[in-house]
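A, B, C and D label the chains in the order they appear, each numbered from 1.
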């Protein structure tokens, strides 16, 4: 392939932090590489993969236009780097994160390995933790909730896509102690299943389908519960009813949240709660019509809508993101911006 | 167009009831006409429309292969008929239903005009009722729940698609008095918006979108509440939290129901409740994996899955139908089968 | 799974031919099984597969509602059968077809093994032929062109989907010796790639894509050339420019054919040629507006449109089918109808 | 709606040319506004529309994030501007283009009004021309072919999307006098039908469809013929067989071109022809595998593939673009870059 255009030189500021993406062949890693390649504040020095070694990333993902060759990750021979995005499956990620930390790199980890504060909860859902010693070094990377701690963290555990949408939608209510009970019904495009080739991703099976999965056992449930519990110390252990569905689109995610409040909540109070919570957030928009996921496609934005239902007394919160962007890779870049003292929106608008 | 094949003669038993479809140009009416045309137990004599008069229905809907010309409905000149399917918008339907009744026809009405038992509730949601005098003649047409009364009815009010999925999913719990609180999160394909040409149906807007709509104000809510209340006289007025979403497919609908039970419900009890409720139903299948809507596409089947969530104590019920088939037109035919003493599955398998 | 409804007994006439589907786990075999299960003129006795043995076919393909268990094919232990549909890949099919013939069954083979009259051409495109001895027993199964020979054949080589659309579209011109040169640009839905799980079928890769493939080397080219050559003995060896594309839908196929005619062809002559050719064909419709594939989705119909372009002098022919139905499995049933003396449309309208 | 984030100030260089978009409510105008809003080299001062006046553009197109209010275009009250993009239908465009020229603005016109060099051809296809006096002021805006003349033009007639893909694909052959005959089979996503709400764009009609349209009468035909004729003076009047199809995706377009060459063309010569033609083009990539449209989605790139078919002697050229980007709005920005002496890629990578 003769790709004149995409062989353009990367543009970045002198002295920009040097970053690698480990696991760049999957959807999440490839998008992270794309965002960092065009980011003026970082130098993307290496993309690695456990497959496709030797192939150029822009041949695998033409739209992302990153003309780097995919390498096998060899931390003993790698040039000094300042940061890494690790896009490995859970359990496979932690050892690599540890090795990167030992070489001084600060890491945004896209796996579940460092998301849960409780080791016991982790082991209940994922099995034995490969590097529990690193848990203290890790901060949960929901940028809007933890940016102060993210700024100084060695390891940032990038949130799951469902927790990102759900917790951003519910945080103002949780912080006000208003959640007595909550049902979260989440819908997501097929890219959420990743580069898996199976019945859930085949167009002739996933098309014309609405597919609920993992009833009463989705691993994002404890992650959401921990975050809401932290925001609402009066109800630290409230169980959350969470249900995920695949719908036939590529990128997009909506968390529809149904809250039974601890007391009557009026529309005006809701407006104030959400307005105050997100007035200064560059990437969270409080909207007054129900948000479609198309509105935030291929952006780092989250759109949140909240309404009090006078008939039932419940509060309905709708939170829309792009599962691959704010739900994964662009939030990783937002976290890198925070970690390295750049403007939080740099490279993301 | 020279369409040799589709000009084939209709096949039906001698003396079969004569039926018309009024409003055959919309998605629902056209499918009803298709199902009746190929049905061995009915003679489809006329398809009418308020637009497209003079055009052949199979030129408007080629796949449906009904080679009848669309006529303007003129009840004074129509040959005697036994039955009619009326596919008009609410308020427009009732006067025509009345006129058909006066000419002796039995009617399945696809609109909302006769679905609600309470006139007050109707007028609160839809405005003045054009023919309240006919309400006593009408039976709610959820076949599985009301088949005895449907058998003798003059007017069968075909249910809304959302109530069909939701009530079939929740009926076993309601009948057992087990629903203390329920959230229904429903998702539907774009055909649910009908032949409307606007921003909700344009492929470049509806594609790559998950769109919640009518928050806390969907007209199917009171219909669901009335039906569940009738099944569970101990909780006749429980409000239901109902939320609808459009997702980018053509035909398919899933109601995800989250029930807070009145007491602890075990998996075995659930299995028995649902097994008993639907053991002899030809069109309701109780399944033990979460049903995707593709499984029931273009069928009259409803697939129901129920699980107890040990973590939250809630019961999760997933109910999948094709919104145009069981949710609308094939249920209309199922009701006609019941009304005219045919096998309930005739023309539908 | 408790699937009461689908366990219904198969309905067929007493003494109906007994048929099996070998390779029922792929899209083509599964649809053939579905069509035969609901066909009043055949008894479907066995569905076999090389994977998924022991699983029920309706659990793998819920919509197809065939409640038979998938078996490993053991021809030594099988009860006597009259017919078989073989849905294996090329080269794998021929030995099984041979074994079935030796047991007296008449076979419709969905593979390419018996489609080409010339052994040399077969070996050039597919490699060594496993059973060249059977070639004389085989008839090319484009029903409309070869029904007399199909009626008596031992082996019917079901055509490829692209040749079905293209040859039905071009036959009237070929027969009249009017094709000096032809370009066939064909587009097909993702089901054409079968149950393959890879980059061509993943919704996040096949979606929002128009993908040309196999430039100047598609194996359907020689099949089209042989058929057109047979129809037009004056030009027996004309090369055909054929190009295939995948587009993001499930089922549907359009062959757009651009013919440079051997002499000027007027609109009236075209109308007469196509009208005469297909006037009595139950499944080919000559239409006077360009046909969309949706018009024939999930039917055995082919819609053909032909126009003379006064500007260029070329003839444009558009031919639309459902690639899985008329392009594969429903044409197989049409052929079985012919082979066993049933009405050609039985089970297909 | 409270959209904190999108109210951000536009960033542009001091003294940047001031530009308006007239007709920003359609797909093409809205995307042009989006690209100019984020472009560092232009100041977008006004977006106008003939509907939706007073509504903010980012409320109509949330993803495009242009927080300007849609105005009625009043050229007598507008502040001085340097340039305009006009996105009106043909015939409606020319008078506004004229008025803008009279006020000194340089115009990129997205309509067909100034694309054809021959007034007679225009009037044959579109009817009377509203401003034939302006034709001499206009240059055909296929950037790669006419950039020198575009640099000094008062009016740039932005090409149709089909001619963009087709002519970029065929130019190297035309320039070498190699085209004896050509068939162009083009496929496009639904956004190509624009913001029209009708049967061609409704997801339940356009989905699962491949729809050929305007057989032997598409208005892009004479545009392609003029451009190819200009490149190949030895064959200035060769008719082109052009056929368009709609396929169910949002943005993407593929022109599959089948060329009967004037003499035998070998693979090596093709490689050299295309390599030479596009070696220095920043937005045209000559690729050696058939390009899918997804590869160029939401980019200004065109990917071209050319192969000699040894079997037929024809040359197959496949040319992929995004119909809304390179096919329309991003090419308009590329032309503005050329007209105002900016780097041709500015704001487009």
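Just so it is clear, a contact is a pair of C-beta atoms (placed from the backbone, for glycine too) under 8 Å apart; a residue touches a chain by one contact, two chains touch by 3 or more.
On a predicted model such as this, the values are computed, not experimentally measured, just so you know.
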Chain separated most widely from chain D, comparing mean CA positions: B
Of C-D and B-C, whichever chain pair has more C-beta contact pairs: C-D
Centroid distance [mean C-alpha coordinates] between chain D and chain B, Å: 46
Intercentroid distance (Cα basis), chain D paired with chain C, Å: 40
Intercentroid distance (Cα basis), chain C paired with chain B, Å: 36
Residue numbers of chain B (touch at least two other chains): 189, 207-208, 248-251, 294, 297
Sites on chain C touched by chain A in the complex: 27, 189-191, 195, 197-199, 201-204, 206-208, 248-251
Contact set on chain B toward chain A in their complex: 181, 183, 185, 187, 189, 205, 207-213, 215-216, 221, 239-241, 243, 245, 247-254, 256, 258, 260, 290-294, 297, 305, 307-314, 316, 318, 320
Complex contact set, residues of chain C against chain B: 1-6, 8, 38, 62-63, 65, 275, 278-289, 294-299, 301, 303, 349
